[in-house]
Structure formats: C-alpha cells, structure tokens
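The structures considered in this document are given below.
The following pair of complexes shares a single chain, subunit A, combined with subunit B in the former and subunit C in the latter.
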Partner chain A sequence: MNIASARQSATGASIRISRLEKRFGAVSAVDGVDIDIAAGEFVALLGPSGSGKTTILMSVAGFEFPTSGTIHVDSEDLTYVPSNRRNLGMVFQNYTLFPHLSILDNVAFPLKMRGLRTAERHARAEAALATVRLAGYGHRRPNELSGGQQQRVALARAIVYQPRVLLMDEPLSALDKNLREDMQLEIKRLHAELGITVIFVTHDQSEALTMADRIAVLRDGKIQQIGPARQLYERPTNLFTAGFIGEMNFVDVAVQSVGDDISVALPWGETWRLPATAAVERLAAGEAAVLAVRPERLQLGAGSPGQVVTVTLSDIVYAGSALLLIGRLPDGTEMRARIPGASQLSSLAPGDVASFTIPTEAMLLYRGKR
Partner chain B sequence: MKPPTDRGSLALGAYVYAVLAFIIVPLVIVIPMSFSQNDYLAFPPSGFTLKWYAEYFDSRQWRAATWLSVQVALLTALFASVIGTAATYAMIRGRSRLVTVFQILLIGPIIVPHIALAVGLYLFFQTIGLSGTIPGFVLAHTVLTLPFVVFTMAAALGKVDANLEAAAMSCGASRFQAFRLVTLPLVLPSLASSALFAFIISFDEPVVSFFLSGVRQKTLPRRMFEDIEQNLTPVIPAIATLLIVLSILILLGAHVLRSRSVTR
Partner chain C sequence: MMEAGRSHFWHSDGRQLSGLSTLLLLLPFFAIIAFVFVYPILQLLVISVLEPHPTLDNYARVVENPVHMRVLMRTLWTATLVTALSVVLGFPVAYYMSRAKGTVAALVAVCVILPLWSSVLVRTAAWSFLFQRNGLINSALMALGLTSEPFKLLYTQSAVVIAMAHVLLPFMILPIYGALRSIPNDYGRAAAVLGATRLRTFLEVILPLSLPGVVSGSLLVFLTALGFFITPALLGSPQEMMISTLVSKQIREVLDWPFAAALVGVLTVFVTLLAIVFSKTLRFDRLMGNAS
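Right after this comes the complex of A and B.
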C-alpha cells in the first residue's frame, strides 16, 4: 500500500483552530492562531520555549480553555468541552504511566473508563501493545521498562480506543539521541498504519522536518509560517523562520532600485543585480534589506555563474560528510560555507582568503536588518 | 599497627548512648512496676502479679474512659486524614495565592502551646455546649493532629507527578476518577500511616482532654491523672505499659506501610 492510498483510507479527524487566543494576565501566550488540519495529516508545532506551541496543544487537549477563539474537530465545537470527553489520544513528555498498574492495565485504562468488560479490555490492550512492538510485556510494571519502552506503552495507551486524533507534547525529548530517531520512525509508521491525525509539539527542528507533513513555526504566540518542510527550508517567509530553521548566512544590504530585477548595495561597496523573485517580502528603493543564503549553497572558487565573494577563513571544521568553512566577508560579516567532498580541500588553512560563488537563485531578500 | 584512638568519636558515642539510655529508662522502670505486688508505686518492684491489669480490665470506670478515648481517636483519625489529605492536595496542586496562609493555619497547632489552645477551646465549647462531648473532643483533636497529616501527605503527594492525573483525564477519566484511580492508590500507604499517627496522638492526648472532660465523659489520659491524684496504685504503670505496646504496634504498622510505598 502506498502513501496516497493510506491517506484515502484515513480514519483521522480534521481539526480547525480559529483565531485562538490565550492570555495569562497581561501576557498573550497564544495570539490569534489559525490552523486548518486535514484528516490524517501530521502537523508539527515548532518553536522556542514560550512560543505558545504547548498552550495550543493543551487547548486542543482540553487542559487549557482559550480566552477566545474556537477549536473544531470534524466540525464539532470542542472549545470548552472537558478533556475527558474529547476522545483524543494524548502522549506526554514524561511517559506518565500509572506506576501502580501493570503495563496491560495501563494500556487498558481508557477502555475501563469507557465501560468495557475485563476480557475485551485485555484483548484490545494486548493488540495495542503488539502495535507498538511490546507484545508480551503486559504483566510488567512501568518501572521495569526502559524510557523508550515506557513511551511506547504511553503511545499504545493513547491509541488503544482508536481515537481519531493523537496529540503529542514533546514525546521524545526525554529520550537519548539513538532512541529518539528510532521512535521518530516508529511514530511515522504508526501514523501511516492508523491514518490518525497527529499534532506533534517539538522544539527540535530536525524532528519536525523529518516527521511532519506540515510544520507550523511559532514565535510569541503567533504563527510565523506554516507549510511543508521543503517550503519552510527553501523559502522561509520571514527573517525569523529563515534564522530558526536550519543554518543561514545573513548580510545587511541597501536596496538601490526595484524593477525587473533588484539591485542591492553590499557593505563592502559592490552592487549586485538579483532577480525580482529573490525578494520574499516587498522591497522599496532606499530601504535596508537582509540578504540570506544557506551555507551549503556556497561553491568554492569563482568558476560558476553567480556572485563571487571573498572570505578570510578563521575556522575549518571537518564534519564528516562536509567541510564547514567559517570566515569573514570584507566588511567583517561572518559567512559560513558547507562544502561536501572534503578531501581535495585539505590545503586550506585558517587565515587563507578563499573565493566562493553564490548562485543567484540561492539568494533571498528580506526587509529590515539582521 | 592500631589506628590512633579518636577522643572526639569516643565522646560522641558516649553522648549518643547516654541519650538513648534516658529515652529507655522510663520504659525499663514503668514496665516492671506494673507487675509489682506492692499496693503503691515502688522501685525496684517486688514479686510478680497480673492483678493490676485485671483491675484495669474489670473496672467499669477504666473501661468507659478507654472506650471514650477509642471512639474519639477513631473519629479523629478519620476526620484528620480526610481533611488533611484534601487540604494538602489543594495546597500542592492549587494555584491559589492563599496557599501560604492555609499552610500557616494548618500547621499552626504545632507552634501554639497546647495549653493555650485548650483554654481557648474550653471557653468556646462551654458557651456552645460542646464541652465534654464526643464531637467536642473530636473537633479539638482533629485540629491538633492535622499538622502531622499535612506533613506526611505533603511529602507523599509531592512525589506524585501532576501529569499522571492529566493523562488519566485524557484517557476519559473524570477529575475525581483521576484522583481516586491514580493519585489515591499511590499515596494510600502514607494516608494510612498518617491516620495511625492521628489515632495515637488523640488517644493519649492529655492537655486538651483535661480541659474538655466533663464529670461523666472522661478520656483515658484524664482518668489516669485523676487516679494519680487519688490512689496512685500500679494500675497506672499497667495502663502505661499497654499504651506503650499499642504505640509500638502502630509505629511498626506505619513503618511497614511507608516502606511499601517506597518500593512501588
């Protein structure tokens, strides 16, 4: 079964978050957020701490009630419905298994709350444990399991009653790196298998880029950008997202003219002509702007088409698959380049001056200063 | 070669054993006296008899005082553990700014001298007719024992992750179900041990009982004081011995309960 047909048989619910606001006293934790999530979609809420991502999730879960705005799941208004009547699956950061119950009773707990009889409860809990590859662990106690296993039990407990939405609040941040990557794949596999709608809160951008169909980048309670990973990475819509997702070089420039193409003055006196598509935001002549370029888009040498910069190297870092070169442009602005296939570059040393070519299509222009 | 003698640790050892001796000496004196054949309190005791125990169990007055104390202590244990647990839960999970005020009020009875509390309760209960009644004793003893329940339950509830209840609620449990099915089982050993403590504190509480006891309604400690003033027979050491045994049993019970909660 390919992904497209899995999508079609999806059993997830659609979620519509409209003009959500949550104020704590004078502070706005969430400030007018709109998100439309399709049935079966996997959406990550990504942002630094205090960006409001957890408050949004808690509002969907029913642990916070918004100051204003609405939350609909499949056109049913859940905004002020208590958390225990929402029928949503939830996985918390710290596993939150009930320490006095066996693994099987932990997983069967939601079924008990729904009045199922013991035999059926246990059969369905066993099945859910098998889904997270923990068949046969039912008789153990939570403290007899590793962190990764405990989080898988929490996952089984969240999906055992076949909810149409699964909410996850930084579920992997307590695990070490290898386990985290395994669990990322495990959750993706479950998502594809069950067709459930997932909202996943994380502060780890690589996690969000790897797992989600769409990512909402949040800052100060507002959505900065929402879109698929590729769009976010290749054409961030504002300076915050440009700096928050991945590595980015920024150079302050002055806009000289805007027409069929845009000419900008660089701090060291050169003037470059860039295509009009480079401007992500509307620019006007005479304004300050920021030129952004990803380190891996820089090419060593001056042969290929594009703009050439000279960089005085200060650090050369061997990073396995690529060589990271860090240096300064003529005006002192820092510039980083990631050059793959490091072997032929071994002659470079700190203090050398190297030329790099920046392809014109790799450059983006934003209003303002860096 | 022998290590040099450490005078400091020798002195400390002697000090520790002296303290232990002073704690144990009353027990060593009281228990043998309760078996003495003399009709008055004497040490060393002479002979061996169980007649003082028989006198205690045969006396209607002693039995009435004991039964009153048992009723009061049981009700006190019930009220103090329920109210104390609910109050501690509110203080630990609540977001109210008055938490500090509640805390001070709840543990106040430890700081306020019992005699001051007793005089105040005596005058108050006299006017509203609670003096010398079981509800009066229970109210007073509940106030006295609440701090012990609050301390025990604060330690226990502080160790329970608040997100466990959120998890239970996301599984479909109501707020109360989340408490009853998740938090309560986790703190039950501590709850039981704090109820035992409340029971024993109420059972041999003398000061407040002295003021609140009426002509007919006398708790066991109050009755013992009267007997000391009037007769001073070895019935007193006999009762004291029984109380010591009861306390040790309760302490052991509380210890077993708490060690069970640790292994969980």
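Right after this comes the complex of A and C.
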C-alpha cells in the first residue's frame, strides 16, 4: 500500500449530532446540542471549561453515552456503539503514546487491532510516520521524542487506519507557543491532504479562528453560535459570543425609538441615531441595550462618518504592531482603542483627553445589560 | 517512579540542607540497620566459615545432605507457589482498587490494609481454626455433600501456601495498585478508539504497564516467603519442614550454630542472586518510559 492510494480512499464522513443531552445527576453538561458537519469539514468546538465541548467530543468518540439524542456518522447511528467499533481517529491532549511500545509499534497498534500482518502494518506505519515528517523515528521510544514530535506520532497513529473522522481534544495545549503554531499548520495541511472530517476541541479562540472552517461557541452545554470565523468575529449573534471572541467594548444604552433607524440614549446624555442594521437582536423602544465596538475599529480624531466620543486616557500601552489606549468615557465606562502606526502618537500621555470616532458600521446593538 | 540522580533534603523555605545536616538526619536509620541487620548477618556468615575451625565443612553438610537440599528446594517451591497464588488473587483486587471511587475505594483499601495491622500469629491461628478436622471448611464441605470424610487440611503444604499467600497478599496488592494507578485513564480510551476490545486493551496496554508493580510485588512476597517462620511452623507438616524451621531447630534444639549459619548463608546467596537477576533482566525505567 502506498500513500497516494491511502489518500484517495480516505475521504471524510458527514456527522450529524441531534438533540444531544448529557446529564450528570442534576447537572446538564450538554443541553440539547445540534450540529451538522459536512464531509471533509473542519469544525472547532470552542468554549470555556465546563461549557460541554469535551463531553460532546467524548460522546462522539464513544467514551460517554448521551442521556438522550443521537450521533450519526454518514447516516449510520453510532450513538451507543462502543468506541472500538466506531473506526474514528482521535488525538488526545497528552499524546497518550503507549510508553512500552516503540514509535513504530505505537503507530501500528490500530492496524494490529484490525488483524493486519506484521510486515504490512509496519510498512503502513512507516508511511504514516512519513506523512507527519517523522520517517526514521520508528525504532525510538516515546520518551525519547519532544512533545511536538510525540503529538505528531499520535497524529500518525490516528490516521494510519484511514478513519473518515478525526477527533482532537485540545491536542496543542500542552505545547509551547511556537510549536503550537507549527502544529496548527501541520494539522491544517493534513486536513487538506486527507480530506478527513475534523472535530477540534479547544479553549483557545485564536486557534479556533485560524484553523476551523466553522466554529461552534459553547456555554453551559448550549451552542451560542456556530459559523465561520469571519461571521463570529464581525457580527456575533449574542452578547456572550461578542464578549467571548476577541476584545470588545460595551456601553449600556437605552433604546428610545426603533424605526428606519434606531435612536439610543448614551449614559452621558447624548442621543445617537444608528442604522437599523446595527441591531443584531430585535429591539423595542424603552428597553435597555448594549452597544458593542471592537477596540481596533476606533479611530483617533474626527474622520469617517460615525459618532465621536471623548475619552480620558488612563493607560497607554505599547503593544508592538499597535498602541493600546485605555481610558474612560464621560460616564466612567471603560473604553479601549487599538491604534496601528504607534510612532505618530508618542505625544499622548495618561490624563490627556482624546476624541475618537466610532464608524457607524462598527457599532452593534444587543438586548440587555453588559 | 523515583527521579534518579542526586538526592537532597530541603528546608521548608526551599533552601537546600547542608551536607552535614543531611548526614545527621540519615545517620540514625543507617546506624540501626548496620547494628541490627548488617552486623548480625556478617557475624553469622563469619561463624559459618570459622567454627569450629576455618572450614567450608558446614556448607558441605548443607549441600551434600539430600534431606537439607530437599528442605531448601521445598522452601523455594513453597515461596514460588505463594507468589503465584498472590498474583492470581491480588491482581484483580488491585485492578478493582485502581478503578474504584469514593466510599467503595476506601472500603477496599481498608480491607486490604486492615490485616496488616493484626499480627501474623493471629492470622495464622485463624487459619488453623478453619483448617481443623472438624473446622468450618470441612463442616461446610460435608454439609454440602461434597465429601463424606473430612479432608486433612491442617499440617499440609497446601495449608501453608494458602495461609502464607493470605498473610502476604497486601504486599502484592499495593505495588500492583500503585503501578495501575499511574497509568492515565486516557491510555485505555486511546486503545479503545484505536480499535482494541476491552480484553486486548488489558493484554496489550494495561498489563504490560502494570508489570513493574507485579514484579516488585512478586519480589517482596517471594523473598519474605523464603524466610517465613510462624505460618509453616503452625500449619505445616513436621515432615515437610521449611528452611526457617530447620534453622530454628539447629539453633534451639541441636545448638549447632555454625551449621545454622551455613543454612542462612546459602539462603542469603540465593536471595542475592535472585535480586540481581531480576534487576538485570527487567529494566523498569525503560519499561515504564514516560508513563507518569
């Protein structure tokens, strides 16, 4: 068997998770989750710890059986099938290479379980090691490899039997930053080469944003939003996602009227008229709302059409590619701005009052209070 | 597993203790070991070759007399059986302990450790009570109609093996438990998702990784069993003596100290050889890899 034919035959499967629920006693770890994943798609499950992302993955892997709901892979119901008969690939956070086996035997392990003869499984394991660029490491022991190399071996072991789905449980969180970025590219490359469907659990949002086709943001066992990175970042559908993904400024406002445009009262007495498209959620006059703006969308001074705010600066932080300005609005609400091209701003000092323009299209309105 | 390399003591604030303080802290222990263990053993070995005059006759008597060799072989065989029985009985308990949680785990641990707090004599006496001609075991067998005549249980080799295995079981269970506990749960999960059935996960992953525990438990049990005295003396047949009984007889009844010393010498050589063979053939560090 050569690698080329392995690549051709290994294409991803579609996954359908419906009404998935998992309760531990009174606690709902997963609370009615629906996800449809297309064949070959790369989906990240992103959320704080306790959000249920790992429980969902464990249910797909078969380590946990859900309280209710179903998991289908290519229309085959796997909900209650034992792990060893699901034929899924999985990479764990802590590599989980078997320390008593050589690298080659580790990678050949799933083939041994499938009854392949020694010569063939060693040839295929060697080929899989080559795809993660570790050819020739087969005779070593796991503890003779670095963390990054061990995780690549784990990756080789997870794909050597050509599963149609690859599950990854925070596979990069044990690695240091540079290695993590290398591995992100390595996994992306493998995903493109193999066409395998990937479910990737992480609590690192930049990892999710750079790697995944779509990201499911989870909180308290429920999906808050699922969509491509750009959508999640540019127009989060609720206040939680808005605060969870990236940096965001929030200002409490009161809705005065809703029509062709929306007028809102700012806490320091001004009234702004915003286009109706600013409202992400349906708003009604008299309700409390939250105005959300990304720090990098603020512009120093007057410029493009938008609203001007005055900010009393308290901290000026040099952050390499940009200058981070932290200050307070007239009512005391904190406001952050990231201004690129830091060198021209060296005249600013804490205590200065600066005016910023918030471009109209950068403003989003949500129901509720911050 | 212990980190190999230089070992030091530390102050509670993290500063390293000076060499002298370290020495002073360790001295009492090693002084006692030297005084109550190393010195008497050496003294015995000296007696075995110097008395009644410088000679190896005492050793010749051990090796040449088939009765004595039979006692030695029986001792080794008994210790082997005890070890085997302890592994068979102990492994499942250790495995269960390593997987149990909460109250159940505590209960099992107490059941394993509690016998260690009662004396060997008490536990052996309990067995002699059970093994009697009209004891609980024979009564039960007859009540069930499995036998019409009571079996001879007491004063047999089987009684000795069973009782010794019971007494030594904690020393088998605890090291295996330790080895099993150090295997991360994810290994079993990884094996399963890679296609291994439960049986194969156990045979290919869990068992090999627990071997260091099995080996150290077996060494502990085997070496302790070699020198066991009370249990064979109370439950065993006088015609099927073990070496400790023979040594005791030579010292207390025959008053032949040099010969008893030679018996101890032969046993010591056996034990040392075994320990060396075990540590050379089984490379624990390599076997365990980075399992921790």
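One rule holds for everything that comes next: the second predicted complex is superposed on the first by the 359 of 370 C-alpha atoms of A that agree within 3 Å, B and C clash if a C-alpha of one lies under 4 Å from a C-alpha of the other, contacts with A are read in each partner's own complex, and residues count from 1 in each chain.
Note that a contact is a pair of C-beta atoms (placed from the backbone, for glycine too) under 8 Å apart; a residue touches a chain by one contact, two chains touch by 3 or more.
This is a predicted model, so every value here is computed, not measured.
S.K.: Determine, for the superposed arrangement built on subunit A, whether subunit B and subunit C clash or fit.
M.R.: After superposition on subunit A, which the two structures share, subunit B runs into subunit C.
S.K.: Tell me which partner A:109 touches in the superposition: subunit B (first), subunit C (second), both or neither.
M.R.: Both partners.
S.K.: Just to be sure I read the superposition right, which of the two partners does A:142 touch: subunit B = first, subunit C = second, or both, or neither?
M.R.: After superposition on chain A, A:142 lies in contact with subunit C alone.
S.K.: I'd like to know which partner A:83 touches here: subunit B for first, subunit C for second, both or neither.
M.R.: both
S.K.: Classify the contacts of A:96 with the two partner chains as first (subunit B alone), second (subunit C alone), both, or neither.
M.R.: both
S.K.: Residues of subunit A that sit at the subunit B interface in one complex and at the subunit C interface in the other, please.
M.R.: In subunit A, positions 61-63, 82-90, 92-94, 96, 98-100, 109-110, 113-114, 157-158, 161, 167 sit in both the subunit B and subunit C interfaces.
S.K.: Mind pulling up the subunit B residues that touch subunit A in the complex?
M.R.: Subunit B residues touching subunit A: 161, 163-164, 166-175, 177, 181-182, 185-186, 264.
S.K.: Could you list, by residue number, the parts of subunit A that touch subunit B in their complex?
M.R.: Within the complex, subunit A contacts subunit B at residues 61-63, 82-90, 92-94, 96, 98-100, 109-110, 113-114, 154, 157-158, 161, 167.
S.K.: Which subunit C residues qualify as touching subunit A in the complex?
M.R.: These residues of subunit C touch subunit A: 184, 186-187, 189-197, 200, 204-205, 208-209, 286-291.
S.K.: Over in the complex, which subunit A residues touch subunit C? Could you list them?
M.R.: So the residues of subunit A touching subunit C come out as 61-63, 82-90, 92-94, 96, 98-100, 109-110, 112-114, 141-143, 157-158, 161, 167.
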